[in-house]
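In structure tokens below, several structures.
The following pair of complexes shares a single chain, chain A, combined with chain B in the former and chain C in the latter.
Now for the complex of A and B:
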């Protein structure tokens, strides 16, 4: 039953499709700073997927930790490309 | 199936309006909060984009702002109701402080989104529709066309400024 689907799963599918789309855009983009903007879309979609797949309070903490951590990494990479602390 | 899709479309519109409004009220497009956000703004502006819209997109990347607050509050309400949304707001504030940001936009966004998602839950739009809606809303800003999105954000910022 490949084509069987559940209407309640549509939000999960949307998150998965958006994450895949973002990954393809990241792979085809050349500038690192613009890659980070597209990667942010993937982070949103994966956070949604984590919580939608496991509706549990600990999955909420895991999702938030994943999101904040990935944002911090993007921040660090972007700031390094901008010249780091010396440029602030 | 049509009901689920209509719920998600309504959620996209509500999330989009909420996070753009709060980000612009808290002056995110004015300047990059950290040097990385500045660099992203100028890179987008250099490729037929617009500077203030680029700064706002850079700020969204570099720190959890109202869009992240909306997503995480929707996740919190989905898992644990209004208390879950409030826990998400506290964690967004901590995340903001880690990312060298005052944290007003993210926390306000999370608190507003908690009550928005819980309120619309009462009239039949579930929280998972808001999670998918926020993912699509951020896709329209950050994922489709950076020049068009930055020009749109700059136009909205001029109304505020």
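Now for the complex of A and C:
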């Protein structure tokens, strides 16, 4: 029973569907900068899934660490791709 | 290993998590394998790690998940130092 109706599971379903939609849009996008925007959408949804997963206080710290790290990562990829000395 | 009670009852309804996160991890790995550009490969690697880290959290190893989430962008930054943007200068 995967899609069992429970009112407490509706935010989890929304986060999962948004994450899967963002991944499919990342895989079928041509331009790299639009891919990075949709990668940020996926990071938000995955952070929501981490925080909503288990009721423990360390899950919040795991969500914080993942959110900070993944935002730093995608910004590093974007600034290496679009920035640099060649545009000056 | 025996989990605590509040983690034990949260394990009952995680088929949805396993379906979504396994699909995301497999799609990220396929994207790493088939894309040509190194930036697309790095984006696929980020998608794959976004699928793997919630599975570690779901298993209960939260300190391992914090460490992996901290170390993952460092590896990406090191790979970006190696295969950077191919300018025409050098």
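Here, the second predicted complex is superposed on the first by the 78 of 88 C-alpha atoms of A that agree within 3 Å, B and C clash if a C-alpha of one lies under 4 Å from a C-alpha of the other, contacts with A are read in each partner's own complex, and residues count from 1 in each chain.
Rule of thumb we're sticking to: a contact is a pair of C-beta atoms (placed from the backbone, for glycine too) under 8 Å apart; a residue touches a chain by one contact, two chains touch by 3 or more.
Everything numeric in this text was worked out from a predicted model, so none of it was measured.
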Partner chain in contact with A:53 - chain B first, chain C second, else both or neither: second
Touched partner set for A:44, first chain B, second chain C, both or neither: first
First (chain B), second (chain C), both or neither touched by A:66: second
First (chain B), second (chain C), both or neither touched by A:77: both
Which superposed partner A:20 touches (first chain B, second chain C, both, neither): second
First, second, both or neither for A:7, with chain B first and chain C second: first
First (chain B), second (chain C), both or neither touched by A:35: second
Where chain A meets both chain C and chain B, residue numbers: 12, 36, 55-56, 59, 61, 72, 74, 76-77, 80-81, 84-85
Contact set on chain B toward chain A in their complex: 1, 3-5, 8, 34-40, 43-44, 47, 57-58, 60-64, 67-68, 71-72, 75-76, 78-80, 84, 87-88, 91-92, 94-95, 98-100, 128-129, 131-132, 134-136, 138-139, 142-143, 146
Footprint of chain C on chain A - complex, ascending: 1-4, 6, 9, 12-13, 16, 19-20, 23-24, 26-27, 32, 35-36, 39, 42-43, 46, 49-50, 53-56, 58-59, 61-62, 65-66, 69-70, 72-74, 76-77, 80-81, 84-86
Chain A-touching residues of chain C, taken from the complex the two chains share: 6-7, 10, 13-17, 19-21, 23-24, 27-28, 31, 37, 39-40, 42-43, 46-47, 50-51, 53-54, 57-58, 60, 62-63, 65-66, 69-70, 72-73, 76-77, 80, 84-85, 87-89
List of chain A residues in touch with chain B within their complex: 7-8, 10-12, 14-15, 18, 21-22, 25, 31, 33-34, 36-38, 40-41, 44-45, 47-48, 51-52, 55-57, 59-61, 63-64, 67-68, 71-72, 74-85, 87-88
